[in-house]
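The first chain written gets the first letter, and so on, giving A, B, C and D; residue counts start at 1 in each chain.
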Amino acid sequence: MYRFTNDYSEGAHPQILELMARSNLNQEEGYGNDSLCRQAEQLLKAAIEDERAAVHFVSGGTQANLIALASMLKPYESVISAATGHIFVHEAGAIEATGHKINVVETPDGKLTPDQVRQVVAQHTDEHMVMPRVVFVSDSTELGTTYSKAELESLRRVCTEKHLYLYLDGARLGSALVSAGADLTLPDVARLADMFYIGGTKNGALLGEAMVICNEALQADFRFHLKQRGALLAKGRVMGVQFVGLFSGGLYFELARQANAMAQRLAAGLKALGYAFLTDSTTNMIFPILPNPLIRFLESRYAFYVIAPVDEARSTIRLVTSWATPAEKVDEFVAAVKEWCERSAPCN
Amino acid sequence: MYRFTNDYSEGAHPQILELMARSNLNQEEGYGNDSLCRQAEQLLKAAIEDERAAVHFVSGGTQANLIALASMLKPYESVISAATGHIFVHEAGAIEATGHKINVVETPDGKLTPDQVRQVVAQHTDEHMVMPRVVFVSDSTELGTTYSKAELESLRRVCTEKHLYLYLDGARLGSALVSAGADLTLPDVARLADMFYIGGTKNGALLGEAMVICNEALQADFRFHLKQRGALLAKGRVMGVQFVGLFSGGLYFELARQANAMAQRLAAGLKALGYAFLTDSTTNMIFPILPNPLIRFLESRYAFYVIAPVDEARSTIRLVTSWATPAEKVDEFVAAVKEWCERSAPCN
Amino acid sequence: MYRFTNDYSEGAHPQILELMARSNLNQEEGYGNDSLCRQAEQLLKAAIEDERAAVHFVSGGTQANLIALASMLKPYESVISAATGHIFVHEAGAIEATGHKINVVETPDGKLTPDQVRQVVAQHTDEHMVMPRVVFVSDSTELGTTYSKAELESLRRVCTEKHLYLYLDGARLGSALVSAGADLTLPDVARLADMFYIGGTKNGALLGEAMVICNEALQADFRFHLKQRGALLAKGRVMGVQFVGLFSGGLYFELARQANAMAQRLAAGLKALGYAFLTDSTTNMIFPILPNPLIRFLESRYAFYVIAPVDEARSTIRLVTSWATPAEKVDEFVAAVKEWCERSAPCN
Amino acid sequence: MYRFTNDYSEGAHPQILELMARSNLNQEEGYGNDSLCRQAEQLLKAAIEDERAAVHFVSGGTQANLIALASMLKPYESVISAATGHIFVHEAGAIEATGHKINVVETPDGKLTPDQVRQVVAQHTDEHMVMPRVVFVSDSTELGTTYSKAELESLRRVCTEKHLYLYLDGARLGSALVSAGADLTLPDVARLADMFYIGGTKNGALLGEAMVICNEALQADFRFHLKQRGALLAKGRVMGVQFVGLFSGGLYFELARQANAMAQRLAAGLKALGYAFLTDSTTNMIFPILPNPLIRFLESRYAFYVIAPVDEARSTIRLVTSWATPAEKVDEFVAAVKEWCERSAPCN
């Protein structure tokens, strides 16, 4: 059964594996002090156009988020997040386990606005409450949407004005930056965020996220945080070599483009059949709203998540594509929907 | 410059990489729910001869230790460890960061005794102190020594008597179990410890430690702990496939034997030249005591750690070998010492 | 300027101070092992009609809540609370600082319903999320409302059904239990909650909350939690003697009745003038909705909190009375409102 | 049975209780924002001769220590303490519960030396270990000894040199400063320490420790720490008024002098009979070494702690006096020893 469940169903892109095999028997320093991590670091600094940034590699997104936030926050400080934020729902309380509250904001599309940030700050007036200190955004968001350059700049402004740090979860940053209509670039992100990470796991790597600390005041002693949270891999090289593979040519963005193209091909097929979507996604995750009997029919052939009922007759599902998704599988899926439509007409 | 610094200077054993490549494009469930992790789990249960054990994979030793201990301890409970214990010195306060004190015991050889455990328990009498609850041992220890079956059984008895859990850090468990004179087996460890881990990173894997929970009362909800600490890798398969490689044939013990053989060949060469050792290691880490000028000479040709001065003229160094250490490099090292000896006679 | 800001503006009820002075020079054991704490414990067990309960004294409500919840929760477990819950907003992230998430529910009146609890539990399906484990309620709530016996029983039923603990913050429990129409008793609370506290600070004591652990499975080693959080006072007697004073006669409920009577007298005066209220409070905190110019006028004569704007012209204020509030001050306040009304007619 | 167990067996000094009663019915702001805390703050700033210091009141020593240290330390930073330090043994892991390791040093007399501090710092070389950041000292120490001005100045110098904070636990600071031969003053302590607390509980108060933050960089947002740890008492006035009582005249030092005088009278009596002492205490805690049969005899008449056996025949006991200890009780105790001596001659 083919899976549109997520973008981490396959292993690594073959070029990555090849590179790993090629350097496999070279002796290297441990714990990320190896030549591969150094090379990846240089490639990333070039890609973000910021030589003063600090770069570290960790094995997953939850780990990246919990270490980043714990490193930025004093015990009584909190982080502002959309209610759909990965840290709020899907990290098993990892942020709270480091001692910090998440101030949550409801949004229609997974995107925080400056006004929402201002409002949260305004509500926190004294020492009986936490003190908001970091704004957490994801790009692309958990709903497949993306921030424009103007939107991220306006968040940066409110952060500067209110003495907040801006942190960006880039688990799917590649997909966001190459999505249709996107005007945000990697150097923009590095200029606007105090810290962010560039996701490898969901874009061609076996494992690995590149944490980028742009704000120099946050760079000191970061490896202590990594070690203390169990994130300093003895063979850190395994992450270094993958980011060398992703960033030494254009592989990173090429894979993201391919993932997006497949999701948008899927979206176009469903739109043509008249289906609506929960959000206006331009990335590799789409949220079509389908009749429940159609969903049951599709579940017999494909794996995917049903997110939530929309009304009595319909529910939102999530379809995710990756660099490894073949166009035929996309076309087969659309054909299956069409088949059901014809049998059960009308489609909705 | 050849490195005897540690047993994680190279990548993975080539058979492991090959296996990884072979399954790379199969679609699998995420977060360790894949067929490779399931297969590895079955192989490990067979190897430890305990079908009721729970098996989980994490990316490194510090992560394994902090999650294991935090899962076993109530807020006011503590863990007893030798002063050389990895958790006490070399994990950047990872255990304390989960809120728990380590009760530390000085030992000559890195091994805890039942009497020491009893003494720590006896000293903790009321609610003004922590309550010791876990005994932490490493096998092999941080000083290259190992526990005999009788020793581990006697620790188990004191644990049962005092209502303590026994936890074993097996970062180098392979090396311990196949060391000369060892009478402890993997099924013994599983029978005696409440929880332990079988180290992959230092014995042929790129990354990965297999956590084994033998005490069924400690198994519930363990994946919540993993997720909350950022240890549940999206592509958990990367660890599963490696343990399939290590345990489907005899590779795991074969690699450990090779690592031990190289260290013992090194030790024999140095002993023949009259040098003493800090501990009586039978594993892949040896601690020769060498004259400081010899150490300086060797440092110009090899990388290794100088542990501590022994007296004004001599220091202890640490030499570590792995499955990837070639016999020639060992012989060259001994030859270099001999060369220095001849030039600077006498040797000490 | 007279204060209706809260119920802790004065010191202790004079009888309490007298009792404290009388036993002052007796030598007693430290850390709550004194004869006064033992006597208070017996009085409380009699009052709640549960001889098997464990009783401990702590110095304040935030301390009581954080220790209670941290003692009940495993690292990945969470607590369900109304959005108005003291722990969610007004404890500076004290619960999160112990590592735990609060699952928050919006309510009109500060009271949780069984359906809301069921819904939160239903949303938490796997190890990517926290696991809800405690239901937190306050009685009286932060909005002055109270739980009926039937309401608390139905929460107990959902807790039992879903394997949740029921914890009750009783900072103002006296006020709740003696409020008009109340059918809940102290023995009821002890029968229905797994743990709760009886607030002393806001009802006649200088400081002190009596934590009651009814669920015997939660009683073990509780003093370790107290000590570790800095809650075990060397002179624990200072809290014991106050609870002896409050519970050896009917003082506790007498003071609560007096506080309620003053608030209800205030409410009646304002209702007679046509003002509405945010909630239907029967306790010692009322939330009248007043025109903004009236609020500004009153602020020149009285201290109280303005909670939030209701519309462009009106805001909700909070008025709190205590055992120490004189009837004249209440009547003067109502007279002041009337004075303003007459001058600015109409009243709204 | 008379108690020499500790210095918190009685309530407050009568003058303190009287002052408390006198201000009892005045309405005051809550949470330490009252006029009594403000007055106490002014008195303390005058006493330490530092107008820029920040002063806060908390209810006990463990609370003071855990909040102070947690406020000064980043997640990976640690505190250096003598093995006898209260935080290391007798606070149930309170410091570790805030996430921090204690680096422990063995001492003969409970006092840290600059060399010991330097050695701990030197041993911590990289991110695999914690980073020592605070030096914790108690004055008087847990063994009744005190720091001279020169000793504290030399610790200050090593702290400045190594970028460490100096924190002083002053649970018994009064006793230390007025002890025979003491040349350290309250303004000295304020000049040398970054943060310290002046203990009230063990010197005449019912409860209360005055935390003094001398280092201005550590003052910001301190009330958030207090609130989050449950230390901000609603009726903070109860602590304010007691420090007004202790510091408006010379009561604080007068009570400490009385406590010391009684302990030294006891020591003199025992020395005259030929008994040795564990440490050379000049304060209100003494540690005589007595024959075990004598100890058993004394235990039938007095309460006190037996600390540890010295050899097969003798043990160290701890005798503590306070402002409330009557000279007759001291004399009776010495007489009882003499009585036993005569009966069992010789004395040892």
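Definition applied: a residue touches a chain if its C-beta (ideal position, glycine included) is under 8 Å from a C-beta of that chain, and two chains touch if they have at least 3 such contacts.
From a predicted model like this one, the values you see are computed outputs, not experimental measurements.
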**OP:** Taking CA centroids for every chain, report which one is farthest away from subunit D.
**Re:** A
**OP:** Please work out which of C-D and B-C is bridged by more C-beta pairs in contact, and write that pair.
**Re:** C-D
Original post:
When the centre of a chain is set as the mean of its C-alpha atoms, what distance in Å lies between subunit C and subunit D?
Top reply: 34
Subject >> Interchain centroid distance [CA atoms averaged], subunit A/subunit C, Å >> reply: 42
Subject >> Centre distance in Å when subunit B and subunit C are each reduced to the mean of their C-alpha atoms >> reply: 51
**OP:** Quick one: which residues in subunit A touch 2 or more of the other chains?
**Re:** 75-76, 91-93, 97-99, 127-128, 130, 224, 227-228, 232
Original post:
So in the complex, which bits of subunit A are touching subunit D?
Top reply: 31, 70-71, 74-76, 98-99, 127-128, 130-131, 221, 223-228, 232
Original post:
Quick one: in the complex, what on subunit B touches subunit D?
Top reply: 75-76, 78, 89-93, 96-101, 104, 127-130
Subject >> Footprint of subunit A on subunit B - complex, ascending >> reply: 2-3, 5-6, 8-12, 14, 17, 20-21, 23-30, 58-67, 91-94, 97, 201-202, 206-207, 224, 227-235, 237-238, 324
